[in-house]
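Should a chain be cited, it is by its letter among A, B, C, D, E and F, assigned in written order, with residues numbered from 1 in that chain.
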Amino acid sequence: MIEIFDMGKYDFYVWGSIGVFFFALLADYISVKAKSNHIKRLIKTKSRKTRNRSNQR
Amino acid sequence: MRFGALVKRDVLVSWRKKSNIYQPLVFQLLIVTMFPLGLGAGAQTLAKIAPAVVWILALLSTLITLENIFKDDYEDGSLDVYVLSGMSLPLAAFSKATAHWLTTGIPVMLFAPVIGVLMHLPEQSYGVLLLSLLLATPIFSLLGTVGSALIVNIKNGGMLLSVLIMPLLSPVLIFGAGAVLETTLGNSALGHLLLLLGCAVLALTLAPLAAAAAIKVNLE
Amino acid sequence: MDAGQLAVIAGPNGSGKTTLLQALSGLSLLASGSRIYQGSSELSLWLKESHYLGHKLGNKGNLSCFENLQFVAQVNETSVTSSAISAVLEKAGLAGYEYQHANDLSAGQKKRLALSRLLLLNKIYWLLDEPFVNLDYAGCDWLYEIIEKHISQGGSVILTAHDQKKIHELAHHHITLEFPEEVHES
Amino acid sequence: MNRLLKFYHELGSPPSFYRITSHWLKPMLILAIIFTLYGLIDGLFFAPEDYQQGDSYRIIFVHVPAAWMSMFIYAIVGISGIMAFVWRMKVAEAVMMASVPIGAIFTTITLLTGMLWGKPMWGTYWDWDARMTSELILLFLYIGVMGIYSAYDEDPRKAARLAALVAIIGLINLPIIRYSVYWWTSIHQGSSVSLMGESGIKDWAMLRPLLVMALATKFYYIHSMLCRAQSHLLKTEQDKNWVKLALTGERKDKTQGGNL
Amino acid sequence: MRFGALVKRDVLVSWRKKSNIYQPLVFQLLIVTMFPLGLGAGAQTLAKIAPAVVWILALLSTLITLENIFKDDYEDGSLDVYVLSGMSLPLAAFSKATAHWLTTGIPVMLFAPVIGVLMHLPEQSYGVLLLSLLLATPIFSLLGTVGSALIVNIKNGGMLLSVLIMPLLSPVLIFGAGAVLETTLGNSALGHLLLLLGCAVLALTLAPLAAAAAIKVNLE
Amino acid sequence: MDAGQLAVIAGPNGSGKTTLLQALSGLSLLASGSRIYQGSSELSLWLKESHYLGHKLGNKGNLSCFENLQFVAQVNETSVTSSAISAVLEKAGLAGYEYQHANDLSAGQKKRLALSRLLLLNKIYWLLDEPFVNLDYAGCDWLYEIIEKHISQGGSVILTAHDQKKIHELAHHHITLEFPEEVHES
């Protein structure tokens, strides 16, 4: 089993590359989700605010 | 006439505020002293990197002046004055580039041999150095108007400007420094200079249009 | 708007006065609506006949008053003699300041220098954003005077002002912006 | 043809773009994950060893798809930049600004994996070879577009138009960089034969995972880009009614408010 | 507590405006690509000048960030807020320097090995490179607060700032780049590093006082 | 000046109001004359008991309202709970804007944020340079109110204002600057 991951002693480079690939895309995915949630929450709270105001009137 | 008026005004303004003119030169001196300090080395290494360093310094010291090509005018409102005069925008951009070249390009070009001497640039290279900068400094100014027009109302836009126009300048650097390098090796620099000329012609035709488009978007 | 008329735009802060004037000047394009002048929407014709003076004055700080006006004349392709420039400066109350740099003027004098551009260029339409700001009493009177004269000679003026009663009395049109909504005028 | 045209027009309006693409997000993400898993397992464990490079060539399965994406995305940025600048399409602005960060990420992946590949192959992490240099400059182009956009954060429409202008300039610039950098290396380094010249992959077992990964990256790009584009539209259109409808289904409250 | 509050605020502000953090790094990348483009040379020449170039770039890219240490606060009036809070001025200057170091010094330091790889710096030098920058970047930030305090209400003061503090920085450059150079030649860099440590201690004691004096003069 | 008093400084543009307030604040040293507080000219004591709010507001643009106030409290070594900060923001009419960045506020809201610092810090002396600028009617009323309250609790306020009649009626001292000359007050 170990040999498979050994990559003929190129393990650092190969797994490093795969790591870079996954790390970068995961970071992208997380930031996309965070941004999307943030903007949605912002708009929702804002519309709640305006709704409250119109209810007060 | 409009062209002349704008150029004359800009040159006058720069002349009154001398720091515009000597800042890039001081900047070059500042960095060129860093090299021997950092290298701690003899003339040999210096001479080898001289073509690159002289050229890079000319480029860098011009870069720091580009931000203000349009910015000052935008901030004091005189940009509105000439844009609303009905002057065509590409012509205005071209005038600004010309004035910038006269007040920055020429001093930088004339100062390059001084830096060359400090960097032990071999004697046979000075002619081509001047010639390559004569072709390249107008490109710097022209692309500079584009960059400056793009960042005209950004607060600390200088760095961004460099990033924006660096890709455009890389061929110029390749051919320009390449030309000087060839002469240090005793070869002809004609090919490089012709390519540089091509870049200059391209910049001359496209840059004023791009700068005009950017100014238009920014004033909207 | 016909020739020889004065329109005053009023409204609270942020109601869009400056925005409207800039749109009229041609600096910004109207997001909606359009500027129609002499039956054509061609910009260059309009630019040739109008002059806009906004919050930013457009004087170059390290040029003298004289050089500032000279540049303005040249870039507008209006040929004037240097004695004409001096005359304009004198009218604006800047006699003796011809060779003073614009930076070294007081705020009111800077405003006068900017306004004197109007006298130098023979534009029909003047678009002035709060021209009375910074001027002292004498300055305001001078400005009333040149506006009246311009109108009597067939020119048109559109300006904004916050609390100048007199100009409202002179005005032919009153435009009051209350909400940032579209305003149409003929 | 007509249906296609109609579809195109629908995609051009923010509300229907939002509505239509909302259905695409999940499938794209799932496809991307499945293809990645398949491609990598196939490539890393089942594809045969390269006779020259040994196992280190397996970096190709992330390096090359990322490299392709870095250029493909710039093309999209440029094209949507033109549409945004000339026709002022809001959706084009959103697509452009959504693509740029992903493109920058793929460019970075290309650079880093290339460096990790260079060490075992050439004994150095970096060599100023034409392709690497131009890839680095491509990163500057991406950074420039992002930078100009974020610098004008108080006026997103203007920011997008300027960013579009920068993207267009970059588009003209791209071939210039490519060629000048090639001339530069050919002038100075004589006959340096780039290792990555002909990939020479003829073995289907090697090619298959590569193509699968190329598809996977495209799917992920579509997912991430649409998600970002949606956020972009929500942000820039936040005062519009459709945004409230889309997010809260507030239709009822609206009519009540009108009655009051 | 005051120290912590000011540092925290500044770090937060920089974090919000990411460009503060990545600008110096992009700047370094920009210039470092210029070198091979200009030199058109193989790894050999690059490796020779690598210690100097890596160090000069770290210095230069920090220089361009120094102007704003106090300027932003001065312009939006928040400088008044903390100066009038009764906080001691040297402590305020020291807080600003700390925040600058955290947001610029550390990224520059961590990025230096990347530039080193691009410049083909030999492998054995990276440790000393990091160590020398660990000692030097605080000096940059500390002297930077002095320079920034001096030019706080000058319009394009960046250039002036560089000229003002460059003489103070030249020993730092000599010892820092020297240390790295020694390791590339296989020698010990201990002597250079100790000298650098001396510089750091000196800056730490004197710079906050000088910056406080400059701020006081400028607010009067 | 005794505790519980309000002084209003008036005068035309450029007559030195701002200069006087800044000198009082301790930002600039008095060129001639001196600030004598509690029998000592020690600056730190004065700084501890006074708060100056000038033309430049001192909000950090990309921090939220909450973070801005939090920083002000910390740097003044006033310990406040986060609910206290929220309460102050609410009083200033900024409820719901806690997490909005100061840059994204309107001009009047920015002014309110700056003024809310006064409520947060328990300073005795308030030095306010044209505090009514940018505020709408409701904002002005709020400011009158907090000034009155502060005075009734024994605080002192020195402010400048151009055309606020009401504040002049409230004032205990009137200081009118006509020429930029030295002005003494006890």
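Just so it is clear, contacts are C-beta pairs under 8 Å (C-beta built on N, C-alpha and C of every residue); 3 or more make two chains touch, one makes a residue touch a chain.
Model, not experiment: these values are computed from the prediction.
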Touch-connected components when chain D is not counted: A | B, C, E, F
Length of the shortest touching-chain route, chain A through to chain B: 2
Maximum centroid distance from chain A, chain identifier (CA atoms): C
Chain located farthest away, centre of chain E as origin (C-alpha): C
Whole-Å separation of chain centres (CA-atom averages), chain A against chain D: 16
Inter-chain centre distance, chain D versus chain E - centres from mean C-alpha coordinates, in Å: 35
Approximate Å spacing (C-alpha centroids) for the pair chain A, chain E: 32
Touching two or more other chains - residues of chain B: 160, 163, 166, 170, 174, 178, 220
Interface residues, chain B side, partner chain D - complex: 146, 150-151, 153-155, 157, 160, 163-164, 166-168, 170-171, 174-175, 178, 195, 206, 210, 213-214, 217-218, 220
Complex contacts: residues of chain E adjacent to chain F: 1-2, 4-6, 8-9, 12-13, 16-17, 75-87, 219-220
Interfacial residue positions of chain D with respect to chain A in the complex: 40, 44-45, 49, 54-56, 58-59, 62-63, 66, 101-102, 105, 108-109, 112-113, 116-117, 119-120, 220, 224, 227-228, 230-231, 234-235, 238, 243-244, 247-248, 250, 253, 257, 260
Contacting residues of chain D [partner chain B, same complex]: 137, 140-141, 143-144, 147-148, 151-152, 158, 161-162, 165-166, 169-170, 172-173, 176-177, 180-181, 183-184, 187-188
Residues of chain E that touch chain B when the two form their complex: 19, 23, 26-27, 30-31, 33-35, 37-41, 45, 48-49, 51-53, 55-56, 59-60, 64, 68, 156, 159, 162-163, 166, 170, 173-174, 177-178, 181
